[in-house]
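Next come two complexes, and both contain subunit A; in the first it sits with subunit B, in the second with subunit C.
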Partner chain A sequence: MFNRKFQLASGKVVVARPSKIPLISLLMIVLIAIALQVTKFSFTTLLLNGHQFFVILRGMLPPNLKFLPRIWQPLFDTIKMSFLGSLLGALLAVPLALLAANNIVRSKWIAGFFKFFLSILRTLPTIVVALIATFIFGLGTMAGTIAIFMFTVSYVGKLTYEQIEALDMGTFEALESLGLTRLQAFRYGVMPQILPTYLSTTLFSFEGNLRYAAILGYVGAGGLGIILSEQLGWRDYANVGMILTVLIVTVSLIEWLSQTARRKLQ
Partner chain B sequence: MIKFENVTKIYDNDHVGLKNVNLQIEQGEFVAIIGLSGAGKSTLLRCVNKMHEITSGKLTVNEVDVTKLKGKEVRQFRSKIGMVFQSFNLITRTSVLGNVLVTLVPSLPWWRRLLGIYPRSAKLAGLEALDNVGILEKAYTRVDQLSGGQQQRVALARTLVGDPDIILADEPVAALDPVTAKVVMNDFQRINQQLNISILLNIHHVDLALAYADRIVGIRQGEIVFDGPTAQVTPEIIDHIYHSHHVEDAVNEKVPAHV
Partner chain C sequence: MDNLLEAKLTAQPSKKRQYLLLVAVILAVFAWSLTAIKFRAPDDGGAKIAANIIRGILSPDLNLLWNFTSQGVFYLLFETICIAFLGTIFGAILSIPFAFLMAPSVVSRPVYILTRFLVVVIRTVPALVYGLMFVRVAGPGPFAGVLTMSLTSIGMVSKLYVDVIEDLDRGILEAMDAIGCTTWEKIRFGIVPQLIANFSSITIYRFDMNLRDATILGLVGAGGIGAPLIFAMNAYRWHQVGSILIGLVALILIVEIISNKLRAKLVNG
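Our next item is the complex of A and B:
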C-alpha cells in the first residue's frame, strides 16, 4: 500500500505522486479542535440539556387552533412582503444585470462597477438591511419589503448577468449586422433566450424570500416573525406550534406551485 | 459595387488581418472566397458591412465610403447588407417568423419595438421571404426544432426580408452535411440569379466553390493571391492558395490578377 514504485514488464519505473490526504486530514482535525474551543461547544451540555428541545417540541403539539385567526394577517403580510419585494427586485435586476455583463457593456470599468455593486449588495445580510430599513421607514411591512427587494436585486441580478455572459454572442452579432442597435439586439436577441431562466430564478428567489420574510418580523419588519417572537417570549408553545404549522404549509404550497411553474418553463 | 483600394486591417493584438487588398466586385456577382482558416476570409467579409474597421486604405460600397460612416448611418448601411453565419446565429426559443422579422425592427416605431408587435405588412413580407427559401410551412415552429439546413435557410430568409443588395456568407455550409450543403448553395445561386443580389461567400469546400461561384478569390495570410473567373482555376492555383511556404517555391509563376 505504501510502496509507490511500480515496475513495468519493460523495466520502466513509475512513481506515484505522494497523496496529500493524510496532511489535509490532520489539518481538518486541528481546525475542528480549535473550532470546538472557540465556540465553547460542549457535548456535556448537549447531553444534559438536549432533551429540552423535545420538551418544547412536545409543547407545540397539538397546535392551538384557537390562535389561528390571529395568524392570518401576519401571514398575508409575510406573503405580501415577499411577493412585492421579489417582483420589484427582479425587475430592477434586469437593467443592472445588463450593465454588469461584459459582453453587452463594452467598458470593462462600467461592467466591473456594477458587478462590484451587486456583490456588495449580496454581502449585506437581509436581516440587517431590514433592521436599518425599520429605522428609515418605521416598523412594519415596508421595511421588510425593502430588505427583500435589495436581496432579490443582488441575487437575480448576479444569476442573470452570468446567464447573459454565457450566451453565444453569434446571435447578437447577427442582429448587429442587420442594423440593430445594441439595445435592440438585446431586446430581440438576448431577452427571448434568457427569459425562461430569468423567470425561473425569480420564482426560486420568491420561494426563498418567503422563508426570509417569516423571520424579518424579529427586527420589527412585519409579518409572522413578530407574533413568532412574541409567543416564544411568552413560552406559549402551542401557539408557536400553530404559527410554525401555518408557515410550513404555506411555504410547501408556494414551493410546490413555483416548482410546477418552473418545470413548465423548461 | 464593392471596391477595396489598398485596404489593410491590423487587429489590436498586431495580427495582420488584411494586407493591401485590392478588389472590385460588381453588383450581382457570385464570389467565393477561399483560403486556409485564419487567412483573412472572415475579416474581409466583416469589413464590408463595417463589423470590423479597416486600418488603412479605402473601401467603397455602392458609392458610399464605408470608413466615413458613423452611428446611425452604419446601422442604416448594414440594413442593406445581409449576413449569414456558419452557426446560423438565430434567436433560440423564438419562432421561425420571429427570427425573420427581427430584420425589420429598426424600421418600426419605438412602441412597436418595445412591445415586440409587428404590423401585418411586416409579417406578410416575412412569410414571403420564408416562401422564397421553401420553409413557409415552418413559420410558426420554434427555430431550435429545425434541422441545420432549415436553420440556415431561416437565416437566409432573415437577410432577404431586408431587401439587401449584398449578402455576406461566412462559411454558410461548413456545419451542414454534403447533401444539405448543396441544397443551401442552390438557394444562394437562385437568390443571386433571380434577385441580382451580390453574394460574397467564404467557403472551405473548394468543390462547392467551383460548382456555384462565378468568380474565385484566393486569400493567404491576409493577401489576395488569386482572383479570377471560376473557369480559370486550376489545381495548381488551388495548391498555391492553400499551401504555405514550401509549395510557394514550386508555384513560382505569378497568377495574373483579375480586374
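Our next item is the complex of A and C:
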C-alpha cells in the first residue's frame, strides 16, 4: 500500500519498501511520554533546582588531604576483594563454559541447563548477592569477595562459552583424526584459540569489578564503600571528594595497566 | 618428511617463560589478596539464615507478586523499566557530543584527551553518589533515578560510540564531496546511515545493563524496585524478597532475549 514504484530507464519497475522510521519514532514518542509520566519527570524542576546538584560537588572540592591516611586500608581491601573474586571466578568459569558449549558437550540438555544457570546468575544484582552474603558470612570483605566471585563466574562464563561455540572445530577434528586423544586435541586445537580472549575478558571484568567493589561496602561488604557511606552519612563532602579522587586515580591506573596487557595479548 | 615436521614443530616460539612469569605474578598477587579476607565458614546462625533465604525464595509471597496496585511487584517493575528507559535515552543523547569530542579523527589531541579524562571521572564516581546529588535536585523518587541513570550511562555508551565513529568509511564522504553534496547532505546521507545501526545497538545493550543496575538506586531512595527489595531483605521478609527477585529475574531475562534479537537484526541488517 505504501510501496513506491519507480520505473528505470530500462523499463524495469523497482519497488521501494516503505521506511519503518515513522512507525518507530511514533512508538518511541509514546513510550517516552508514558515513562515521563510514570517517573514524574519535570524539566521545570530540573531547571529550577539544577544548581542543587553542584552543592555537594562544590563541597567535595578541594578534597580533604588529611583524610588520605584513612583511605589506604579500605582501598587495598577493595583491590584485594576484586582481584580474588575475579581470579577465582574466572577459574570456575572455565569448566562451566565448557559444559555450556554446544560443540563440546554433546547433550543438548546439559548445555542448555548450564547456559540457563549462567543467565540466572548474571541476572541477580550484585548488590543483592552482596547483601545476602553479609547475612550469611557476616559483615566484611568475605561477603564482597563472594558477590564479585559470583558475578565474574557468570560474566566470564557467558563470554567464554560464546567464544567456544564460535570456534572453528576443524582443527580439533583434524587433530583427533591424527590420533590425538580428545584431551590432547583440546590442548592444541582449542586452548590456543580461546586463551587470549579468555584472559582479556578476565582482565576486563577485573577492571569493572574494581569499580563495583567500591559500592559494595554500602551494604557492609567491605572496602571503600564502607568509609564512603560513612562520610556521605556525616555529610563530610571534602572527605568524600578525597575518597573519590583516590578511587579515580586507582581505577585509571589499573585500567591503563590492564589495557596495555590486553593489547599485548591480542 | 618427518624431519621437516619436527623442524617446524620446534620452530614454534616458546611462550613458556612468558606464561611462567604471568603465573608467578598472579600467584604473588593472589597470596597478597588473601591477607584481606577473613575466611569464615558460616556459623549456625548463617546456615539458618541461608536456609531461610532459600525457603523464602522458593515460596514467594504470591499476594505481592500478583498485586497490580502501586505497591505490587508489577508496578514496581514497570517503574524500574521506565527509569531505565528514560535514563538510557537521555544518556545516549548526552553521549553523542561526548563521543565526537573523544574521537581522535574529529578533534585535536588536547581536546580528546581532556574529554576522555572527564568521561573516566564520570564513569568512576559510583552511581550512589550521583543518586544522592540528584535526590537533592529532584527529591526522592523515580525522577532522581532517571537523572542518575542518564549520567552513569554516558561513560560506557560514549566510549563504545567512539569506536563506531572511528570506523566510519571516509571513502563515502569523499565520493559525496566529488558529486557536490553540501555538508548537511553529507551528514544526513553519508554519516547518519553509517552510525545509526551501531548506535542503536549500543543503546539497547546499555538499556539491558541499566535495568540490572537500577537496583542500586533503591539504596539512596531514587525509585524503582531496589528500595522495596532492600527493605524486605533488611527486615528478613524472605517471602517478599522471593517474589520481588523472581519478578526481577524474569523481567531481565525477557528483556535480554528481546534485546539480543533486536541487536542481531540491527547489526546484520
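Operating definition for what follows: the second predicted complex is superposed on the first by the 251 of 266 C-alpha atoms of A that agree within 3 Å, B and C clash if a C-alpha of one lies under 4 Å from a C-alpha of the other, contacts with A are read in each partner's own complex, and residues count from 1 in each chain.
In the analysis below, contacts are C-beta pairs under 8 Å (C-beta built on N, C-alpha and C of every residue); 3 or more make two chains touch, one makes a residue touch a chain.
If you're wondering where the values come from, they're calculated on a predicted model, not measured in any experiment.
A.B. asks: Output check: A:Leu232 vs subunit B and subunit C. Expected answer is one of first, second, both, neither. What do you get?
C.D. replies: second
A.B. asks: Give one of first, second, both or neither to describe whether A:Ile110 is in contact with subunit B, with subunit C, with both, or with none.
C.D. replies: The answer is neither, since A:Ile110 touches no partner chain.
A.B. asks: For A:Ile32 in the superposed arrangement: first (subunit B), second (subunit C), both or neither?
C.D. replies: second
A.B. asks: With both complexes superposed on chain A, which partner does A:Met142 reach: first (subunit B), second (subunit C), both or neither?
C.D. replies: A:Met142 sits against subunit C, while subunit B stays out of touch.
A.B. asks: Using the superposition on chain A described above, determine whether A:Leu65 touches subunit B (first), subunit C (second), both, or neither.
C.D. replies: neither
A.B. asks: Touching A:Leu23, do we find subunit B (first), subunit C (second), both, or neither?
C.D. replies: Once the two structures are laid over each other on A, A:Leu23 reaches no partner at all.
A.B. asks: Should A:Leu265 be classified as contacting the first partner (subunit B), the second (subunit C), both, or neither?
C.D. replies: Neither subunit B nor subunit C is touched by A:Leu265.
A.B. asks: Please work out whether A:Ile120 is in contact with subunit B alone, subunit C alone, both, or neither, and reply first, second, both or neither.
C.D. replies: After superposition on chain A, A:Ile120 lies in contact with subunit C alone.
A.B. asks: Look at the residues of subunit A and decide whether subunit B or subunit C touches more of them.
C.D. replies: C
A.B. asks: Need the overlap of the two footprints on subunit A, from subunit B and from subunit C, as residue ranges.
C.D. replies: Shared contact residues on subunit A (touching subunit B in one complex, subunit C in the other): none at all.
A.B. asks: Which bits of subunit A are touching subunit C when the two form their complex?
C.D. replies: 31-32, 34-36, 38-42, 45-46, 49-50, 52-53, 55-57, 76-77, 79-81, 83-84, 87, 119-120, 123-125, 127-128, 131-132, 135-138, 140-142, 145, 211, 214-215, 218-219, 222, 225, 228-229, 232, 240, 244, 247-248, 251-252, 255
A.B. asks: Give the list of subunit C residues in touch with subunit A in this complex.
C.D. replies: Going by the criterion above, the answer is residues 26, 29-30, 32-40, 42, 46-47, 49-50, 53, 78-79, 81-83, 85-86, 89, 120-121, 123-129, 132-134, 136-138, 141-143, 145-147, 212-213, 215-216, 219, 223, 226, 229-230, 233-234, 245, 248-249, 252-253, 256.
A.B. asks: Give every residue of subunit B touching subunit A within the complex, in rising order.
C.D. replies: 49, 51, 74-79, 81-83, 85, 87-94, 98, 102-103, 105-106, 113-114, 116, 155, 158-159, 162, 168
A.B. asks: Across the complex, what residues on subunit A touch subunit B?
C.D. replies: It comes out as residues 168, 170-171, 173-181, 184, 187-189, 192-193, 195-196.
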